[in-house]
């Protein structure tokens, strides 16, 4: 196993873990905000996919990665608008609409992609890399962790910003109340629908951003169905993290590392079926649940619409 | 006294109902204005309008001389209206101070120091001793309500609405609330108190208004209230509540009023019908239960219950009453100790076994666990018999028999429902309780536990429920009635036991001095 | 006035097809041509109709499994893992047994094995939910990912047929597969699936067990209060649901494919969820929606070649159908409320 500890292997593992973990992190952070506010966003996968598509198309035509991110975020946000209008405002079942969003996004993006590009898959140039001064010279870590697209560092900053926001602002309290006892928030003079709408739009933006990163930086191309369950993992991460952004990041790193392990093993010339490695994070999480799992501390009003004067 | 707020011609229509019909009322500074009325009279809609939860179809609210519409709860708060809602509206996962801080503008940092200052101000004003950093989930219902009142007063409310604030409180809690209300009144706050209990209306109210079918039926102004005897007040209020002509006695009129008058006049349960020379039906010996989060377990509770006896269980909420009820019903395991029913040991075994032997349980959580709101009334009436004959044969459902059975019970118990197939969740609170009473107090019942049987019901349904208890006792059923309403227990019980800290602090005979001994036991002091 | 019965389904279907048609128009395709081609290909031509009906078998079995779970308030979203592992189990077992025991016995044993494997794969989420109240959405989803990868590991490392280049299990000869119905190409798994759906519907609506599950689904606290054995019921609902989904995997292998290739994942588990919702957990209605969906799939796949509309357009139609069904239901409720009933 000594061959595993070579520098190229470790660099490729760390670098890959960050690249693969980023979409999960962004989507997971987004989902966490919705869940905090009491909205179960099963359509996360769909929002990511739409973000991947719009983000790719924008970057492809403009040549700008930042426009790509923006378009991806807006695409996800637009998709989240469906949840806002139908589930939050009208109280329709969040699971049904979520599945509709995912299924619809899969269909629509592959349809649009087909109409635009037929069967060709154009590729973007490599994403610009910002190597952090000083840190980039650290062996292994420098190239593995500190030589990424600027968005990566911003995402890490976002984790801490969100932690602070949940803990120390009125918005944080409002989100918590919207998820646990919406009637209390309403009685305190804060509009529950507005609070939840804000959360869901942020979720859409972050999921779309994650999708755009996945397509433009992670893959460099858009392929139909390319999220391949990343949104579902995002939901799982958010639920397991129980409201703590830092835990989403830990989870995203774990899942990202296992996804990256596949490529890294190839780099190291070791032939283990990728499936074995891919099972690891799920097996670890299940084991953790079996050993430590007690009650899953989810917001008590999760998934239930709020109507004034009704229980 | 100056008028803090007034309603002028407020009308609110819901599909098929006029909830408020041109209601005009005035609320004076330094006065407790009590609103009375049956369920559906429009009291809660009136609260919703003032709290900004609902907007009226016609009419205006006049505050400080300006006619306006209250557009949202936030607007209502800004106008100086504080509301304590009937349903608890606090976030259990947050602390006291966090709950009070809810509602600040989103992007600002939490102003904790300022909030603590305000908290101490209000704590002094109200005379409460709460820990601002205590998680709300750990507080008693009475303490939670103090937080609700603080929240309502947080932004200097000039008008405080209290929608049935006493329904969950202990006698001590009610007394505390009364003191707070007087404090606030003396500081010039206008208070609106909604209650079903006439005694509270007389004790705390300066002015009484009665709503009936969405209209102001009339009221008693402060001078008259002071001048009148209690019986005169009650006669006036009953007359207004049921729309009788002056001088017309309630007993001669039809419908609810007549029924209520009869119920009010009837002695629910006479004493001395219990034959204690026979062995008791239920014998509980040193029974304990296991503690769970935020619940008081039972600690070695022992008592005996005879046929035809009504044993009242008093006590501050959360002293193990729920565990007592659930343990006897079989819903909660016995850990140590023993239960005997008619001489047979029933310590082991769950709900089906106990029910098979005639144990019945009317829960206080009628919608939460008593019924399945989405399923029809008919199904709810056999909810605890699923799989048993005559409605199931080898596991196959005989829907026709179930529906026929339901129609009989609906008729016999006067359950107001469009049909047997109507989802139980669509029924009013009083009718849901009738469903539960019909299901539990059936012919085979031998021991019945009733947990807060009148809680949240209007006067008419309260009396109906108590009447059912009396009838069951007369039939020979042994009854355990848990309630926080001491007057009620005094009225119907043969003996009254008091729960304190998971123990049965004592059982007293219901005679002349009972109420004082019960009160003493409730504080944790010994009997005698 | 409220929308009743067939109309409540018909209106959203028409709306979804109309909006879908508009999307096609915008993209420069001919909607009428597309729809008529899909219908002709999947329903009017005998060959296509047989294909459509064959497609329904696994969908119906999965739907039956989901109805049991959803009606019991259990969100079993792990259908894919349960389905695939069951498929692999029966694909591994069938070629091994077929030489030794009669065909009928082989098929029955394989189907039982598939159901059992599906069931086993749901036990962990079931126990975690009933014991610790751990949300089954997370656990079933994770078990599903785990199962999908595990199925591949089994095919690649343990069950691989040495005679093929692409990793796959040994193949069951066409003659040894599930018998065809009445000289058609439709296999008898369809009958089994129909029976399962109807059986589940009758069980849920006309038996004590079904009513207990419904109570559990609608109000868990009421089930505890009424003295049902809630832990056992939860596990039973999970087990039955996963066994039916496992059976779907077995039937698909034994009836259609004869073997399982590595990385094969039709992802039917999540696709059927919308159909079950569209049918509002009603067993009879789900048959209609499954037929509609199968026809769209069969027609849509060849339309990709013939009319130039990618097959995934079908997904857009399903999504639109879900949105409109939800919307119509909402409007209908609003109207009934306004009518005061």
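General observations
Just so it is clear, A, B and C label the chains in written order, and each chain counts residues from 1 on its own.
Following the convention adopted for this analysis, a residue touches a chain if its C-beta (ideal position, glycine included) is under 8 Å from a C-beta of that chain, and two chains touch if they have at least 3 such contacts.
Just so we're clear, the structure is a prediction, and the values are computed from it rather than from any experiment.
Taken pairwise by the contact criterion, the protein chains are fully connected, each one touching every other.
When the C-beta contacts at B-C and at A-B are tallied, the pair with the greater total is A-B. Spacing of chain A relative to chain C, judged by their CA centroids, is 28 angstrom.
With centres set at the average Cα position, the gap from chain A to chain B is 46 Å. Note for the complex: chain C touches chain B at residues 205-209, 211-212, 214-215, 218-219, 221-222, 224-228, 337-340. Contacts from chain A toward chain C in the complex involve residues 82, 86, 90-93, 95-97, 99-108, 110-112, 114-115, 224, 229, 232-233, 235-236, 239-240, 273, 275-276, 278-279, 282-283, 285-286, 289-290, 293-296, 298.
For chain B in complex with chain C, the residues that touch the partner chain are 15-17, 330-331, 350-352, 355, 361, 363, 365, 368-375, 379, 383-384, 386-387, 392, 395-397, 399. Contact residues of chain A toward chain B in the complex are 168-171, 173-174, 176-177, 180-181, 183-191, 299-300, 308-309, 311. Chain B contributes residues 48, 51, 53-54, 72-74, 76-78, 83, 85, 87, 89-94, 98-99, 101-110, 151, 367 to its touches with chain A in the complex.
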